[in-house]
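This report refers to the structure that appears directly beneath it.
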């Protein structure tokens, strides 16, 4: 093997094993939280941007829940094993609220991946005077959900008519 | 005035006066908060997505601050005068942190626009055991900054060498 | 003046001027926030404990608002000019919610006192599954309200029959 | 059995089974969270007030951790099975920070008690300009810790000299 091959191997080793504490964490894939909500994240682009879908199982007012689009960004590509990230979920049609999540991806010694996140859920209010009560805070911990034969989040999505329920 | 002109007038009236409580709020443009941080938001796309730049004036550890990219989404295009929105800021190079903002745009009777936002700032920590201390919370109120002759955020940006300061 | 008098003067000087940045901040007294809510805090005891009353002007569901008792603790007596503090407000009778505030007292060069606080407002929910939506977050900035001739918070209190409105 | 005995039985039944969803939750006793921090809460007084001690296992900067006093209030005595509550922890000597917790007590069908809480941790900063970065947010879930032969929190307390570490 020439020196070029060796350099390539070293580069690969660095890319896949950059943390003394464990394996590099990959955001892309299917995730489930302790409320049984599901989240699917696309491949992360070179500029850190990613897209995805969020299917909540909980809602502020009940009613029909839909898969909602999410958009976000991951910090530090390649350099850090466990990067921080953030994303926005736009609850389509069934709520006037917007949620943002911020978190970090961890991998334990056994290879188990965890997304530890904190979120803010903002409802629309009618005036600046009501702004004080518009924001809820919470915490969500996601673990990777193994997907059978390429089953994706859309498969779990309920079918329903347009509703009006605000939701997380 | 022909019927075309009348239709135009009606369209303008709808675009500028869709809320009983006031004028429709536009996210795009240049904004300043009470900490003198600046934020520039692009035109909002049809799917609610937008991009922009954030120039913070405050930092967790001092040092060189850079203009950082932001990406987000606005709720309800066209239907609601004062939509909720959320975005992620990826602090480039000078910090390992990520911030998310969620808020709502308001316009008062005098036409003054306000973005009332709450944010979470997440630092990278070394393990899941340290996760408890990683997240700060705060509030930012932005008002529109009038820009002279197309001056943009980049014009206010400091020039500096690569630094290491974590920052909001 | 004997040495006892001198020691007393020195002690007084230390007590009133312990910070290079300004005057020592006293929690006790009458405070008003930007929502026109009022708060009255008793003298702080030697162990840091204090009591008081809170009269909110805003509520989650409207209805009759009552003066509610607060209890808390201030950090570091005597040593620090601008101590951190925290307190709990128990909304009596008109809400099932509890609020906690945490903050710090500041005095600017002109002697203006500010309590910068962040709060959590927790509503009762029917089960652990609904816990995710129970907590709101916000920020309150209080400034000292000059009281005329010993007028106290009770004087501003509305008189009303028992209501059921949850409130901040 | 006389009518007095029957009344007593009914009273006991009411006291232990006031919620359709489960048993009444009692705040007093010894609790442990998922970070192995311990908390001991006294009997709740008639006005809802309680006191206690908090022994954290985690700290912002390492160093010696001490048992710290807590003071708080529980909502709705007697009427509600699962009341909301809040309390303030004053980190004695080893930190300039103050923490507040707000939460609700739940009992599941099997009788397992859970305190679901959200907290704010406030550090002292040197000026109002630095106030933005002073507040962390997080979540703690406590379960009751069975105590053997009256062993109390003080028994687990470390012995150490005065330190300076800020801590949760």
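Going by the order they are written in, the chains are A, B, C and D; count residues from 1 in each one.
Methods note: a residue touches a chain if its C-beta (ideal position, glycine included) is under 8 Å from a C-beta of that chain, and two chains touch if they have at least 3 such contacts.
Everything numeric in this text was worked out from a predicted model, so none of it was measured.
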Remotest chain, subunit C as reference, centres from CA atoms: A
Chain pair showing more contacts of the two, A-B and A-D: A-B
Length of the line joining the C-alpha centres of subunit B and subunit D, rounded to whole Å: 38
Mean-CA-position distance for subunit C and subunit A (Å): 38
Interchain centroid distance [CA atoms averaged], subunit A/subunit B, Å: 21
Computed distance of Cα centres, subunit D from subunit A, in Å: 32
Subunit B residues counted as touching two or more neighbouring chains: 118, 120-121, 135, 137-138
Touching residues (chain side subunit C, partner subunit D) in the complex: 21, 47-49, 69, 71-76, 80, 82-91, 96-104, 106, 108, 114, 116, 118-128, 131, 134-135, 137
Of all residues in subunit C, those that touch subunit B in their complex: 118, 137-139
Interfacial residue positions of subunit D with respect to subunit B in the complex: 35, 58, 60, 120-121, 129-130, 132-133, 135-138, 168
